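Presented sequentially are two complexes of subunit A, the first with subunit B as partner and the second with subunit C.
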Partner chain A sequence: MNRPTTADLTLLVPELILVGMALVLILAARRIQTAPIALVGTVVAALAAAAASIWVVPSEGASGFGGMITVDGYSRFFEVLIAASLALAALLSAKTLDRDRIPRAEYHVLLLLASTGMMLAVSSLDLLTLYLGVELMTLCTIVLVGIQVENPASNEAAVKYFLIASFASALLLFGISLTYGVTGTTDFAGIASALRGRGSDPLLIAAMGLVAAGLAFKIAAVPFHAWAPDAYQGATAPVAAFLAAGSKAAGLAAVGRVALVAFDSEARTLSAILAGLAGLSIVVASIIALSQTDMKRLLAYSSIAHAGYALLGLIAGGPEGASATMTYACFYVFMTLGAFGVVIALGERGESVDGYQGLAAQRPGTAALMLIFLLALTGIPPTAGFAAKFVVIQSAVRADHVPLAVLAVVCSVVTAFVYMRIAVQMYMKEPKQAAPARLPLTVSAALAVTALVTLIGGISPGSLAPWTVPP
Partner chain B sequence: MIDYPVLTVTTFLPLAGAALVLFLGSERFVRWIALATTLATLVVAAPLYWRFDKGSSALQFVEAAEWIPDWGIAYAMGVDGISLPFIFLASVLSVLCVAASWTSVRTRLREFHVALLVAETAMIGLFAASNLFLFFVFWELIVIPVFLLIGVWGGPGRVYASIKFLIFTLAGSVLMLVGIIALQRLCGTLDLEALAGAAIEPGHQYWLFAAFLAAFAVKVPMFPVHTWLPNAHTEAPTAGSVILAAILLKMGAYGFLRVSLPILPDAVQRFLVPMLVVSVVAIVYGAYVTLTQTDVKRLIAYSSVSHMGFVTLGIFTLRQAGVEGAILQMINHGILSAALFLCVGMVYERTHTREIADYGGLAKAAPVYSTLLALFCLAAAGFPGLNSFVGEFLIIGGAFETRFWLGAVAIWGVALGTTYLVWLYYRVAMGKTNPGLAGLALELDAREVAILAPLALLAVVLGLYPEWILSYLHAPVAELLAGGGAP
Partner chain C sequence: MSEYAGIAVTFVMAGAVAGAMVILSSTLGKKHPTAVKLAPFECGKDPFSLPMGRLAIKFYLTAILFILFDVELVFLYPWAVCFRELGVLGLTEMGIFLGVVMVGFVYAWDNGALEWK
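On to the complex of A and B.
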């Protein structure tokens, strides 16, 4: 293989910006523990990466590094989404970092590097680069989960997450090696052409199943979801938000490209596997969420259920299905970050369901925002959550997966109960605790952005359509 | 003449009012702004009534715009003779709701009026929408304000009632969502007029009918999914009960008229008998349950089950008389249930009890109130010369035309209806004045008389001159039944 050319490197400008900022922060780590430089730097880097991925990176469909990395509409969409969740997660972290005395520089470096891994994963055209990207993301997020070194809950969560994640990585690697064994390549296009016109064989099914299982860990789909509630609960709320938003979006993007490009000719088998994962995720997570009293756990189960909904588009397959999943992923990221944003804004009180009692009487604005996010997560118009749900159900029905669609909407009634329980606490109970402090500016900014996207996305979801380019 | 998109302006003006209330600094003018908004909505809707062509069955005041072209969804509005009376009803009742809450709602004024105005947008929008997607958006939009109205400003059992309402309604509507998506896949459009002409394979129609039935039956509510209604109506504040009884219940029946009958005629034929049976069960069972109630508000709530049974019975007779009667009866029930809930609310503000046993002899203590209550009770019982009589007469006529036994059972329902309403009036207003009421100023004040007067006027006018509404219905109902619904 040749040395990377300038053209190759231009493809990686967004990733390079993030890595560059990470290096700067590491070098300056000792000087910036108290000033908000790390936050500003991270947000600026995220915005610059998003801008670079839209404007600097060359035209459609370019690929480089010997066909391992690409820049197309699909990767661009997810890169911008990941950059957005990085910026929002950084904004949401500001207050928590002070409170829990977490080292600022290291924290932001990890956020930046995790995002780099996500971006690499969404733009890879080869199972190996995909693996590298996904693992970079996972390693960084494991450290982020355990970053409260003196907090045993945080350590426990990190250890659990680490053990399960390494198991998942092993499965993914095993799947990749089996795929290599069957097709003789790890390149997506190569796999697709090797599989074309060739009958299904058990080895191939095993390979696909293992790859799907490995990636299912990353998006926390049932039955590979067990780490998520513990990790979310043990981590600080902003880290949980980042896990729920960014790493889920990246995982979905990876599943999408693998399913629609590499294993396209085996779409029927793969979509059966994905349908199982999606159906289980939706049913199991909706039901378990009913009994949660900890907000981070509740939102963890919510994110598991949403992973199932998002998969519906990929199960339907085809460009329309991929666009549906992309729409879902985008709106999901903003509404889930919004909901976590309110949790973070309320501090200690926000982390248990009981803490929301009487919030509407004390802080009507915050309660109204939370209501919007809860309605969106439930999927009620005119919020983006409804548009997202509509488009994935539409693609499932178009692909004749009507029973799965019915199952999904019936479970959305169950989740309505989960989310509306919080609305009941906020609006229909008397306050028992002192009013929460005013929202810090950074959190307000993040909430404003997420609420705007949640509302505008619901009223005019079509404006997203030009961006949801299937792989 | 000023030209503006009447339907869009009428629909979204309350929403604009809600935004104004939301961002207003002080709570002092909230009531006035809400009142002004609802009155302005009534005014901007005026062209709908004088420029409407009653002879045509086509949609009028049509507005169309691109909305989400990639998903094949357009923004489309239009009204015909069936939907127009409901827009009128919704905009009139919204004014009355604001007025009726003037003294009874004292907490969280701002949120209350925002919820009320958002609900008005959803109600008007639902009846104005001519695209099924838009229809669904408004259908769901009304759920949240009503959920909050019940849960925040309601009675002692409000939390349970509001959650029950929410879960029941959502459970129905999500299945409708799948039905809508399936319709779009089968027909390639969600425009209601275009769908009415589409030929759908009967096998598909049955499933679609079932999916839509889930949503409509819960909203009507039909037996046996009516159990959310007594809780929700009883616990809701007066304005909430009015919106629920007068408009929300009509949404389901309106859905049958807009979707089931014109788009799924084969399925309607197939499920005709079960639907008719369920309707008469609702009439009779609902009436018997109503008889046993001891809570005034709960009694009126249960009476809705029976009255809405008449409406679905009329719709599924598939006869001109029956369907016209059903629609007229929807309007009548809207007026009367609103009036009765307002009456209960007004007296509850003074006595703080809803037990029938705590009342008695109001006729002496509050003659004006008792006269109006008598008028509304008689009207609801189907007294000739008042509005319900015509509707019930037409429905039962249609029922006798289709199947004799249906008419016979329905007549029994009317008799029971008279019984529970007259008995209610007897226990509340006649006899000796209940000692517990001594010393209370029970008579209505001018504001309350002004709220009830328009409803009383409507009840009398529609009783003497039902053709006022019926003239709007002749053409569209004939078109509806000619479209394949009639046997």
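On to the complex of A and C.
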């Protein structure tokens, strides 16, 4: 193995920007608790990281650190997506930090470091670096969930999330060690070449199942979803938004690279495992979402169902399926951040479904925005949600997974009831509570960006195509 | 698969020995129970006590700070072993690593973690 050189560091420029900003904020933590410097720094670092991953990082397909880290179209796509969700989550949390008595600097440092972990996970070419990235992300998000030290609900959510996440890590590590036992390597290309042309092995099936289970915890796919509703409900809404958007995108990217590069020759077995996860996620989450009255729990179940839909593309496999999942992940990040954004903007009132009664009469603009995001989450044109669902279901049909595709469409109708219930509250009920305060500027900016992407994605879904490069 | 047979044998033997000890002693052993014998064994400690004793949280904080240096040492040791081969690049990398670890220490210091009060 070659020794790492300084040239390898250029592959990590986006991550280094985020880490650098995090270190500066940690050092200055005590002095910037009241100023908005942490927010500005985080947004600037996120934009710089996105710009760096597009323009600064060297040529396509370069790899470094002994073939453990790569930069290709796939990692670049997800790095920009993660940077976007970091910036949007930071903007959305600008006004709630003081209300919830959250230390500003520490909060932003954890957001930055979690994003660093996500970026490492999406650009790793080795199961061990993948694990490191995913763990960095998980550790930071656990602390973020429990960051309201004086709130028992937040502490409980963090403990639950910690216990389940550590269990998931153990499964993932066990899967990695079994994979190493079968193939003698943890490198994706090495695993693929070791598996080519050899028969099925029960140990290998166990290895793939464990790796898939470990990563399914991270994207919260049923039956590994139990942490998500509690963690989302206990966390403050911006943290829940960041979990739903960023960590799901990073988890999907990791599953995608593992499924399509490392275990490519075992695609049949792995897509059977993923099909089980996807089918269960879509059905179970859609049905449980029907009875939710807490908005954060409802959106948590929504995110579980969406994880199932996003997996459809990976089940189909091939470059087309990968692009479908990437499209889904991208549009999903923006529409879920938008929906959470409205929840955050409405404050206490936004956290229960009843709080939306008569919102259209009081704040027509906010209600219209929420309607756009609800339509997108359901998958109704002309929003990006429709385009995203269309491509994944299309790729499932093309790969002869017709029953799964039919199931996905049927459950889509079920979730329509979930989301339209909120629309009914907004437009067809009389207001019972006082009108909410005007939206803060930062939240408005974030909502504008997410709504714009949601609409543009629906009107010209092909505009994303040049960037959805399979691994 | 044959190389895993040893592990399987170990599991079976461990289960058999542990199971045999429990079953044999509970069926064949003589029983003269006293209050002391029936108490759960807890290394000589009183197994039941109300959680009245208080422990200052600052001990935990010190322990966590210790982990910072512990981890640092774990990474310093292998670096020191092949210090010559790694050369200037290794020295720079270690400097950066120590700097990052020290940022955490400075944060703790700055926020009063070292004040014993």
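Following the convention adopted for this analysis, the second predicted complex is superposed on the first by the 468 of 471 C-alpha atoms of A that agree within 3 Å, B and C clash if a C-alpha of one lies under 4 Å from a C-alpha of the other, contacts with A are read in each partner's own complex, and residues count from 1 in each chain.
We adopt the following convention: a contact is a pair of C-beta atoms (placed from the backbone, for glycine too) under 8 Å apart; a residue touches a chain by one contact, two chains touch by 3 or more.
Predicted, not measured: the structure shown is a model, and the values here were computed from it.
Taking the superposition on A as described, I'd like to know which of subunit B and subunit C A:361 touches: first, second, both or neither.
first
Touch check for A:27: first (subunit B), second (subunit C), both, or neither?
The answer is second: A:27 touches subunit C but not subunit B.
Check the residue A:235 against both partner chains and state whether it touches subunit B (first), subunit C (second), both, or neither.
Neither partner.
Taking the superposition as given, does A:375 touch the first partner, subunit B, the second, subunit C, both, or neither?
A:375: touches subunit B, not subunit C.
Just checking: does A:420 make contact with subunit B only, subunit C only, both, or neither of them? Give me first, second, both or neither.
first
Subunit B or subunit C: which reaches more residues on subunit A?
Comparing touch counts on subunit A for subunit B and subunit C gives B.
Would you check which partner chain A:451 touches, where first means subunit B only, second means subunit C only, and both and neither mean what they say?
neither
Share the list of subunit A residues that count as touching for subunit B in one structure and for subunit C in the other.
After superposing on chain A, no subunit A residue contacts both subunit B and subunit C.
Contact residues on subunit A for subunit B in the complex?
360-361, 364, 375, 380-382, 386, 390-391, 393-394, 397-398, 402, 405-406, 409-410, 412-413, 416-417, 420, 423-424, 427-428, 460-462, 465
Okay, in this complex, where on subunit A does subunit C touch?
3, 5-6, 23, 26-27, 29-30, 203
Subunit A touches which residues of subunit C in the complex?
Touching subunit A: residues 1, 89, 100, 103-104, 106-107, 110-111 of subunit C.
Which part of subunit B faces subunit A closely enough to touch in the complex?
Answer in residue numbers: 67-71, 108, 110-111, 136-137, 140-141, 143-144, 147-148, 151-152, 158-159, 162-163, 166-167, 170-171, 174-175, 177-178, 181-182, 184-185.
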